[in-house]
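So, here's a batch of structures to check.
First subunit A sits with subunit B, and in the next complex the same chain sits with subunit C.
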Partner chain A sequence: SLSLFAIIRYCLYILFFTGLSPFLFCRRQQYVGKVRFAHFDTHVQSSKKVVVATEKNVFAALNTRTGELFWRHVDKTGSEGNIDALLLQGADAVLVVGNGRLLRSWEVNIGGLNWEILLDSGSFQSACLVGQQDNVKYVAVLKKTVISLHYLSNGHQKWIENLPDSETVDYQAVYSGGNGEVYVLGVVPHSHIAVVVYSVDDGEILKQFSVEAAWLSNIQTSCAVVGKGMLTCVDSTTLSLYMLDLHTQLQMTQLPLQTLGLEVDPGFHPTLVSTQPNAARQPLSEFFLQLGPEHYVLLQLNNGQIVTLRDFKPAMLVSFATTGEKTVAAVMSPKNKTACGLNLFSADTGRRLLDTTLIFNMDPYGGKPETLYVQAFLKKDDSVGYRAIVQTEDHTLTFLQQPGRVMWTREEALSDVVTMEMVDLPLTGTQAELEGEFGKKADGLMSMVLKRLSSQFILLQAWVSHLWKLFYDARKPRSQVKNDVTIENLSRDEFNLQKMMVMVTASGKLFGIDSKTGTIVWKHYLDNIPSNAAFKLMVQRTTAHFPHPPQCTLLIKDKDTGLATLHVFNPIFGKKSHITPPALPQPILQSLLLPLMDQDYAKVLLLVDDQYKVSAFPSTKNVLQQLQEMASSIFFYLVDSSQGRLSGYRLRTDLSTELIWEVVIPPEIQRIVSVKGKRPNEHVHSQGRVMGDRSVLYKYLNPNLLAIVTESTDSHQERSFVGILLIDGVTGRIIHEAVQRKTKGPVHVVHSENWVVYEYWSTKSRRNEFSVIELYEGMELYNSTVFSSLDRPHAPQVLQQSYIFPSAISTLEATLTEKGITSRHLLIGLPSGGILSLPKMFLDPRRPEIVTEQSREENLIPYAPELPIRTEWYINYNQTISRVRGIYTAPSGLESTCLVVAYGLDIYQTRVYPSKQFDVLKDDYDYMLISSVLFALFFATMISKRLAEVKLLNRAWR
Partner chain B sequence: NLHKKNLIYYAGVSSQSNGDRFKIEGRAIVPGVKTQDWVSTARVLVEGEEYVGFLRTDGSFAVNDIPSGSYVVEVVTPTFRFEPVRVDITSKGKMRARLVNFIKTSEVIRQPYPLQIRGSPQSYFMRRETWGWTDFLMNPMVMMMVLPLLIIVLLPKVVNTNDPEMRKEMEQSMNMLNPNPELPDVSELMTKLFSGSKGSGKAGGSSKGTRPAVKRR
Partner chain C sequence: MASPGGQGGGALSTRGGGGAKRMKWALELSLGNTRSRGDRQGGQGDVVYPIGYSEKPVPDTSIQETDKNLVEKRCWDVALGPLKQIPMNLFIMYMSGNTISIFPIMMVCMMAWRPIQALMSMSATFKLLESSSQQWLQGLVYLIGNLLGSALAIYKCQSMGLLPTHSSDWLAFIDPPQRMEIMGGGMVL
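Showing the complex of A and B:
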């Protein structure tokens, strides 16, 4: 009967739990980066592709209907993968990569490579498509000293020619008008323009001449070829246009802008925008001249005369677009503070086309429009329609369709997430209201009772509506349930699994993303961010202190000057806080968030400047008083990697500091590459490990321990090494030191609990290796109640073991859970795009070489040199993430569950269960079965009771 | 048009100066799958992400601009798994491909060069433990329970119970099976617990001790 009860209780217990499906909670968002070149694919009428090449060395095709990726190719980072040029011809896209190192041709429909050839060395200048008789067959690549012509079909070199006088002439541009000639334009600064004309057929120099142009220094920024081979340049000093007919090679004719009635904005360098719709034909004779930041003119070259077609002022952006035989000019002009208008104009007349206005609403928290890409198409009635992509300063791409409908937006700033935090969502609005009631001052018993009743009623109402919604949603198929996330319905769930991800990107745009759906809840572009800024994001106040709003502080530091600014904001709504952060006139060396709180529950942020003075934020009286009391127990450390100096300081009561220890690592031998402490929100559940013989090995849990990784300055593969140093951050005592010889970085480190795991490259065996260091106090604990760095006489026992890892790695992080009961896993980001969840069990220095009874009792895995990679351990399955740069882990309300966000070029969020979901039911749990068993048991007891009664009665009759 | 001929010569020389850089070539195939379906997601990684190559539409690849050395070459796609290969390039540009062995790094098991890499479907999922009636029935505990039950039900049918001798024998054996008549009857215990749950709640813990069934008789 007891077991029966147990079953029934278990069933009831189960019925009250809800299953959570792991598949519903992983989401990947793919990005490409800031767009450098974009071309609409027009070779098929119905094509939905736009081909983009970005500053992140990514070449991709986007779907113009949805904004999703058709395919994407991620090249090497850095200058070697840099895309110099993108030329689109039919279904082939030709790319010049790595400063003219490679020439690649891609098949745009499939996304496969047609061919790739290695070009001769020499820095890249320019490239263009070359056509003959309306047929584009070649691509010309101009380098500093040579020009080469390649077949578009297979990349083979048709000819290569050295440029004459390349020591003196700076060749900058190449142009072909489709008449069997290739023009190479060079400049001798402050002297003349040099033009060399090559024959397409055999590379023979047909003509070579130079024309005086003492004012010219850069052809690409100030010149354009217009109409029938008319090289047109604009000079900002003489404020005039210069024209040179490349066919007749006469003098350069000067045309002062004044004679055209045009005026350049003071201090502005005018530029030209021309268009050549077909590489086998001449460019159009119409072109734009930009006279000021918001001033353009559409000009036409007509029989050697310049005619002004239309003056656009104000106009922010202009672009040409061609469809069929028609070319139009799109002009974007500001309408009011938050909107811009886009209009089409006929290129050859400058007349405005009817019904082509498009309104672009600018995000008040975004940047200004920066680039405009226009796709024109012919409608059924032969009029021109268009779609446009607007790129703004904050790297957002917006695709617009008439009459101003936003088809999609892509937040490409998210391709470069620098740091992030997860913040708990607030309780539901009604609950918060209830809390607010008690936060206020009491005003009479009666009103309090009434308030209480009314708030209870509101709660009841909310509950009923919630139930109704649940019921309503349950009837709909899962896919149709709306996932609209708005600020109103953002609320914490039962297990605190849904959080707000606050992401800081390198461009200075901040995002608030709902972790459950991946929806961007808010975004905020901070302009005036220095290009080399370092960011540090801190949560000063969580949502737990209603009615005080949660508060995050972003420290933005210029890496060169060290000067920093603070941006204080609400992480749930993204609004800038009304609190004015202190101005920081001195360079900041270090910032630390103390567990101390002011009277408004905001944690205190300490900033150490280069005079070793400390300032606090917030700096109320209360805080300063607390700081004075606590000062003797506040220690911090500074790292100067150029000097190899680590120094520890103690805070004085007057907020000055006192140097208490210093460790110098000679910088001529080795340099400090990273310093890792433990995460402050980490919990360790068990103080020790139970051994096979039932004794306990206690962990050395020093919260002040720092792991310092050094690399040798000597990079010779026989002499290079990687060192690791464990230092107590309070006393400066060196706890342990280890050196791995014949190894080099990059080193990835994780420091947690009583262990440090690091990964390096072994130059001797040419493989990646992991090493783990674990620290133990021994069989007895010195002081089990509290850990003090100042009172720990015994040095810990150190165990270390190393393993081979059969892949390179990009990043390393450890899982984190609420109470630390769940076993730990290491999350390893691989270059292949996978994220591997490797149990920490495999990285345990106590793994025995010989299996004994005791080690088996302890569940130790026998030592094997190579760590396994099992495909089931990939937490992102086939959702690969390119260039993983960081993995963020956060605990959830469920002990079994750890929230994971991996970011790099893509963003991937998921949940991991290192010890399986021991506190949650599987989502396919058979509720029918359990309830039918329950009912069956119930009826069985009823029936057996009845039967037993009958039996008893019969027996009594006997 | 003066220097034309020697220009070409010079260009040839300049490509020679690039001579200490080599290219790794090969081809990746997945049997039964068209290359066009997966090449757009594939990359060739040489030694992590140190050098990157892309696949042509027919599955062949060439990673350019690699200095001499020893490299692990890997084709990565999300959907297929390709075995990595180690490629050694001598300073003179001789190529050799061999199996990757991280433990015995100098062991040579030759592989064809240009590389021929075959892919196989990658499975990221473990078969989920499902719960079905068959699992339940095949459980040894259940088998142990069900089999005696069958014997109890079926045996009287098989054995002729009308035979008085047999009956006597059976009764004897039954008595032997139930040597302790003092044990409580399970069904009765159950009914008592369920019917008396209210009473027991009031009585606190007093009804814990169940009266033996015999006394009722």
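Showing the complex of A and C:
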């Protein structure tokens, strides 16, 4: 049937097809994550780099002109690769990685590693550059119990010293003013500050003293060194500044803020912002004191006296920047609701610098500014110019240049995509108009005719304007023609290959991305999203129901409180829907999207609360009536992995539920890792498999089947195991159970059609293994017209086979096509950054050990324990995708084509053709030759027919 | 001047040499105009046939018996034709093998098409056999021969796997079963 289908399609597309090349459709976007440290590279005048270290353990250099990556280094995830500190000195960037595990130095220009050394164990506290005589040569690393000094040039350790009384004193900060001394500051909470002074040359303790400070608990949050070694602290309880001269070690002097005429906002913990432009010199004597969320004061330490230079209120963010000998303070203050103003002030005097205003227009669908990084530079006339990077709450980086030009923005929230869906684009406006006309009810002949005529006229108008645009664009040089994707020209293409990718990120920002160009069409930041929220995205109404707009619903659940909210929006435009979602006072356990529709064609969403009561959204009368009728056939299941409880419920007509089955997996022995049902939009074309003798082995296609993966709690390599349980979600009947001994997770599982594929680590053989389970009904179908889990007396036949896979994997997914005719492939995300498209044919439990005539007839590959990795199976060629966390597949309008999106740190979009492009013509298809031959043959037939007629007539006359 | 031969170019003279249309007598008005007789030999020009002479040879009734046998034989030949072809067809079938490629397919098509064509033009064959006394028997034999031929073609199709006789051939027409229950859920969020 495949070949027949192919021939029909082939004939059809001769007429319609316009060339597609597989290499044109892959797009990768690289991200770095939320920025933790950023430094502008200033060691050369012409440098256009900003060096960033992020919370995703990425260290990268961004091009300040374009926002693209110069280079990027991705470290291990988790605390092992955590970047603790970033210090930039000249062309070297020194990083402390993995809670003080490693000290690394990178060359900033090309991103090469200068050196890397392993530090002694101990938890990292602080690090600073140490200079002498205007020359920064060392880096000091302070740990819980030791301090060590390393050469910047090669990383070698100059000296290491144990800290005195490290059991009682909590050493938190290290400071050097460039005078050959290193100050280590420790605190005994609510008692005193301990200061140890080391000599840079040999690590000898020069001084050691302690000062009474009963109010202090954390140096890093409330203290800063200002001016000539003056440790300045701010205390929120007594509302005063404390100052201690580290050189003279006198008493701490208290200075109540009231005496300076300053007032702290109630409940606010004041903080200090100071700057040390050169590590070989003392810090500046000017510093900021934050008194409230939008209130800063610029203070100056002048001969032991604090002078207020300028009061900034309202001010959202402040930052110091230095160029040459000049240091300026940048202050961002709100201008109106949608814009902020950025101004430069001289740090010495607090005077505003002329012509330094910069307007930052805030995205109405974005977050508030969070961090400000400023790069100052000297203009030709010796005035100070600047550029700024603003990081907002939604992890967006915006690069601004005077007078408010946005050079680029980076949506770093996309480095943490949680879930996504692909939504069909709408037909063009005109097509939709026509569709709407036929969709509406007929109301009189005359009006229908008029309507028809008007829509035809609109169509004509659109066509003319399209022609005009084509003509207009053709006159312009090619480089000027923009291929911008706007909402106006977003429309479905012939084969529905272009879709809208709706992505939900962990920061709570939603994105709509055009899959063809990778352009962000819309973004929407949802504020007050809890940090540990669980998201579930559902498409309630597709674009197929014009004039009703498409509708997506995002369920956001706070894992702490269990309370959930719904965000209903239009996936094409990103706009929040006018439909008010129901208030959910009870904690929500799960949701369930029913195939039922209300009168507006929106699918019904059921929400199950912790009382096992169900609420429907939308909950119109029509819906409730439908639910009452259908209630007896609506089932749902819940899996509680903490209690190891699987339970199935049936809906009652009054929207309460009754428990119908329960399976308990003792959580002391094994815990439930994942539960996989089948995808609701999956189609299976063939109901069976043709055997070598041309009989049929029918597939067991239970739509209610669940694959449950468990891992043993005992992680000893002899006793650990991985279990898989196939269970019917309606009846709770266990269809199959398999245990893989001496194996452990993480387990990746795919469940589709009649098969389950899972991957695990075999501790016995120390290798990754794939296992496949296939289910068959047998040679006869029990009931070919309907499938009911309640009426299935026969257990299916289960076949299983395992294979060795030569690599670890990070994620697993199966391709999906429109009708399910195309053969399936498994898409395997590898830790190396490749995505492998492995034919499902290799994972077939019917692969024979001994080849027979029949198995050859069936095209079964003889069993071989190793699965190959062929280089041509990499669908992303050389475009490495870092830390692939998930792969999303969606069918397109072409049966042969499956759309694939891989997301992780990067986002990669491509198309795959598991059975090759059997329904489209090749690129090199010779239209000219074929059509000219056809026409020539046609005319030859016509001419010869005519000639034959003439000849016959002549013969008749003779 | 009367001449039974009807020579000359007179208006009443007959044209053509067919004996059946020959006039009993004819009047020749113009003499010597013999050139217009295309169907006459030069020498016979003005020769008057003797009485009783006919240009048409009289059928020899003495060999009528053997002729009848010949017709009968000829008819049997026609009737047995398809049967005789069967061994040949068997040989071709054997030689062409069971692989599906252009030549075996063409062979099978020919083998199937010929008997069908023959069966379709059965009435024409019957007309041919009209003169035979064993017309019905011969017709029956002819029919059986052709049916055997097509049966052979079908068998060949069968052995080549071209007939939809297995359940797998109908697999593509089975619709996916309708789902009776709606189920959903998952891990507690």
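Miscellaneous remarks
The rule is simple: the second predicted complex is superposed on the first by the 876 of 958 C-alpha atoms of A that agree within 3 Å, B and C clash if a C-alpha of one lies under 4 Å from a C-alpha of the other, contacts with A are read in each partner's own complex, and residues count from 1 in each chain.
Everything below uses one rule, namely that a residue touches a chain if its C-beta (ideal position, glycine included) is under 8 Å from a C-beta of that chain, and two chains touch if they have at least 3 such contacts.
Fair warning: this is a prediction, and the values are worked out from it, not measured in the lab.
Once the two complexes are laid over each other on the shared chain, residue contacts for A:789 go to subunit C alone; subunit B is not touched. Of the two partner chains placed by superposition, only subunit C is touched by A:690; subunit B is not.
Shared-chain residue A:75: touches subunit B; no touch with subunit C.
Looking at the shared chain after the overlay, A:557 reaches subunit C, while subunit B stays out of its contact range. When both complexes are overlaid on chain A, the residue A:633 reaches subunit C alone and has no touch with subunit B.
Looking at the shared chain after the overlay, A:879 reaches subunit B, while subunit C stays out of its contact range. Looking at the shared chain after the overlay, A:703 reaches subunit C, while subunit B stays out of its contact range. Of the two partner chains placed around the shared chain by superposition, neither subunit B nor subunit C is touched by A:201. Taken together, the two structures place residues 1 of subunit A in contact with subunit B in one case and with subunit C in the other. Interface residues of subunit A facing subunit C in the complex, by the touch rule stated above, are 1, 534, 536, 555, 557, 559, 564, 588-596, 606, 608, 630, 633-641, 672, 674-675, 677, 683-688, 690-691, 694-696, 701, 703-704, 729-730, 781, 783-790. Against subunit A, in their complex, subunit B makes its touches with residues 1-4, 7-8, 10-11, 14-15, 17-18, 21, 23, 35-36, 39-41, 43, 45, 47-49, 51-57, 61-62, 64-65, 70, 74, 76, 78-79, 81, 100, 102-103, 105, 122-126, 128, 130-131, 186-191, 193-195, 216-217.
Put simply, subunit A touches subunit B in their complex at residues 1, 4, 70-71, 73-77, 81, 101-102, 104, 107, 110-116, 118, 120-121, 146, 159-162, 164, 203-206, 765-767, 804, 806-808, 810, 831-833, 865-866, 871-872, 874, 877-880, 883, 924, 926, 929, 941, 944-945, 947-949, 952, 955. Considering their complex, residues 161, 166-169, 171-172, 174-189 of subunit C touch subunit A.
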